[in-house]
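What follows is a single structure, written as structure tokens, with notes after it.
Letters are used for the chains, namely A, B, C and D, taken in the order the chains are written, and counting of residues starts over at 1 for each.
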Amino acid sequence: MANIKPVTWTETPSSEYPLVERSLHPTGSTVAIGDVAFGGDSFVMIAGPCAVESRDQMDASAALVTKFGARVLRGGAFKPRTSPYSFQGMGFEGIELLQGASRKHGMPFVTEVMSISQVKELEPHVDAFQVGTRNMHNFDLLRALGETGKPVLLKRGFGATLREWLLACEYVAQGGNSQIILCERGIRSFSPETRFTLDLAGAIWAKQETHLPVIVDPSHATGLPQLVGPLVAAAAAAGLDGAMIELHPTPDDALSDGDQALTPQQFEVLMTTLRPIVEAVGRKL
Amino acid sequence: MANIKPVTWTETPSSEYPLVERSLHPTGSTVAIGDVAFGGDSFVMIAGPCAVESRDQMDASAALVTKFGARVLRGGAFKPRTSPYSFQGMGFEGIELLQGASRKHGMPFVTEVMSISQVKELEPHVDAFQVGTRNMHNFDLLRALGETGKPVLLKRGFGATLREWLLACEYVAQGGNSQIILCERGIRSFSPETRFTLDLAGAIWAKQETHLPVIVDPSHATGLPQLVGPLVAAAAAAGLDGAMIELHPTPDDALSDGDQALTPQQFEVLMTTLRPIVEAVGRKL
Amino acid sequence: MANIKPVTWTETPSSEYPLVERSLHPTGSTVAIGDVAFGGDSFVMIAGPCAVESRDQMDASAALVTKFGARVLRGGAFKPRTSPYSFQGMGFEGIELLQGASRKHGMPFVTEVMSISQVKELEPHVDAFQVGTRNMHNFDLLRALGETGKPVLLKRGFGATLREWLLACEYVAQGGNSQIILCERGIRSFSPETRFTLDLAGAIWAKQETHLPVIVDPSHATGLPQLVGPLVAAAAAAGLDGAMIELHPTPDDALSDGDQALTPQQFEVLMTTLRPIVEAVGRKL
Amino acid sequence: MANIKPVTWTETPSSEYPLVERSLHPTGSTVAIGDVAFGGDSFVMIAGPCAVESRDQMDASAALVTKFGARVLRGGAFKPRTSPYSFQGMGFEGIELLQGASRKHGMPFVTEVMSISQVKELEPHVDAFQVGTRNMHNFDLLRALGETGKPVLLKRGFGATLREWLLACEYVAQGGNSQIILCERGIRSFSPETRFTLDLAGAIWAKQETHLPVIVDPSHATGLPQLVGPLVAAAAAAGLDGAMIELHPTPDDALSDGDQALTPQQFEVLMTTLRPIVEAVGRKL
């Protein structure tokens, strides 16, 4: 058992969130994915399909994303699925397709990392690591990401309190990496009409308590495309820093979560409706 | 038992919400409290203290409400309190104070009705009945309100699904009164940092499923004044029809829920910040 | 508004639950429905159909209930249904059928009261009032029941905290009636496999905090007949005072909640399995 | 990225839980930790401290565990803590102390594994791997454990549905290891009086749906020692296969979760009370 490192027991610091609390940067910090800054004067849209499926799909997706004004591409190559019998993602090959589409269309991308064994391999290839809702409490993964130089988009666990979410940031930040973007993606509640319950108040609370940028993911939160546009507008009006949504060139063909993806037409309407609201709060898209 | 009326068993109609479903009024219906229309081209603010406490407090509150552009006064005279040992409201006398402040400042008011025994007495005096979260499932009260001619502001039960909320509307509408304004006020969830979890997505869903106006109450939903302004802005951007908030001329003196009431200064900031967002979605305050 | 009584504002007492807290009766109090005592040396089974449907159905139900050793009959005549378009119960006529079956088979019965307008009419006819989960927060109803001389079976609101449940008891007890039996019937949670989540730990907590008898209703809590027997056994082993279950002579014909009712055969197995467990904790059925 | 293995996409099988569903072993399978079988004719108690703290503490704990009739020792060496500033466990050294106490007192032990990097190192030393609630969705860890030859005690995620819990078993079983014991340890709900809400009905449901043994952990579920005994008794009466509880020779000195640990006296009462209930359901301790 020689290579299991002894665990360091740090003394409780004076503050509960000593590395991410708001008082460290009272006006907020910015975190950049590639050349796109979160937490500054832009409300940033991240868009793309749930899962990487093919070169054509990623190329068409990236073209749509950039055409209507979103600035970061998303797509899953490693998919944490509830059932081992569901599509698990394209893995390595998917990362290459993401990278290709990203470079061709001149926009950075973010993709999920599922395991510490992937961190070192993925680091040179990705613009940002996404930690999914099921891994928010995977403390070893959080620590491993804290030792990288790439930003971390940290989704809230669907069963996690707000305090637990901020403490997950501390696990990342302890390694020296404070480039963290928080993403509220819906919590479990008793109401079955939406897949999860988007805790917008919780996202605002997190923004007020920490210096980190905070965004929302209304696609996963609700599972209902018709709610995505109004919720993105709401997040912009509330002063949050961006939104992450799912779109698909042809949702009916999607291998994963096609029901919740926006069509190109819905995405265009969303972006058109969003612009004046973003401007009303003194920011730009 | 002669005066217990036999219960009528209506056959299941073809639609689940035959009286309030969206298809009846595809562009939405408007409901007026006094001369203030909800569901039209205005985003309407309802404001006032949690509880009516004195003539001076109501006069000062109404002056603040109207000064900064809110259009409907709120205040509780009958307070449904978790503990029988908490302040239960001023009752009859509180209604008189509300009515006085309302008339003096030229704005309608809404107040909570707790019991069918109060309905007939209150009807001539109030501009609208509020059904509180604990009474959303009080079907006899809903039926009694359906037989009045005054609008009903129906808060969602904090343990109620969206479907149950819409079916509560059906109970009211069955009596012939479809002047219903829905109010999302937070549901119970596991996260303790906010008092309840404001289900903004659920409010938008209700707006899409019914023809009724839908508003939010972020004061009760969160219990945290610093979250109220951003959430009102969010509701406006999302296309909802208004918000109901708590303010108090001097929150530290409040007999009920003082912690969550906005100060006059906070209320002014809220209204100033809100205006450009309301205009960005093509409406007015 | 003359007959709206001024609300009394009682000063906060030294204890949170001054009338029901355990310290008043450290060994627990007993509450009798008819001649059947809850909270003493028996674990009491209440059984019957969800809704009263006909004289034959009630006669057959009461015969089953008593044959296998349950001691109190249940049945709903006034049904609080989520939709106004569902069967609402037989009303007055149902009470007469309940009373008839109860007298014929020599066992007391409990039935739900939905509204203060029914309290005075029902009081002479019923052996106990049941307050349903949707009315736990109907404070005027609780107060009205506190002024009667009949025991109150108070179900926990499916969205109510334990503290709120105990404070609902205080509303009843304030009127002078401390004959209260608490019934845990499942709370709302995110897990869809069972209808609600039976909070057995919460029921035990309530038993430890108050001097009142506490029972469970696993039929409504789970909606799954195959879970009812094990949960009744669990309640008995945990030291609770009884259980309330649904059975139907012919569940497939039930007008309400037939899916969750036990068949006569399932009920017989339940009672047979239960007996040694009840004896193992030093009680009798 | 050469050593990131391509992900295999298995076709959806005919059943949802093809490896753990009940129909495979209609009378249930047994899983042994050391020489102690779960799922057979014994109701098995696992007991010990939350965290391994010292040789003396483990020796005293193991002596207590065996003295009063529990058969498996527990203790955490790697502790997944919400805050990185809390005690993280003794790591490697803790495993040695566990193993020492286990061998000295002649009983097997189970301990938590937090990360795939620990699996191979721990395998020769532990009698069973525990997967904690925060790792139930750590699919790579589940797969890695599926390739070992040691039993896996799989706790339910506190935000996981029952279906998700059973699918987590499929992840383990896919690797060839079906020695899985399910442990319900409380889910998140809105009620703050207990730390979590023990879903006993869910545990029974899992027992009926799968062929695997199912136990409960009332110490973590409630955080209240006075609820632990009644809930263990409830689990036994409901036909579940065991319980896992926390005890500490001197709870006031515990480094982690001391508030919820039973004292030696409380543990003795629990075991004495439990025995007749276990016998009443035809099993032994």
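Descriptive notes on the structure:
One rule holds for everything that comes next: contacts are C-beta pairs under 8 Å (C-beta built on N, C-alpha and C of every residue); 3 or more make two chains touch, one makes a residue touch a chain.
Note that this is a predicted model, so its numbers are computed, not measured.
When every chain is reduced to the mean of its CA atoms, the largest separation from subunit B belongs to D. Averaged C-alpha coordinates give centres for subunit C and subunit D that are 35 Å from one another. Measuring from the averaged C-alpha position of subunit B to that of subunit D gives a distance of 47 Å. Listed for subunit C are residues 159, 163, 188-190, 192, each touching two or more other chains. The touch graph of the protein chains shown is complete.
For subunit C in complex with subunit B, the residues that touch the partner chain are 1, 3-13, 16, 18, 78, 80-93, 95, 114-118, 121-122, 125, 134-135, 137-140, 157-160, 163-164, 167, 170-171, 174, 188. Residue ranges on subunit D touching subunit C, taken from their complex, read 159, 161-163, 187-194, 197-202, 204-205, 208, 218, 221-222, 224, 226-227, 230-231, 233-239, 276-277, 279-281.
Subunit D makes touch with subunit B in their complex at residues 188-190, 192.
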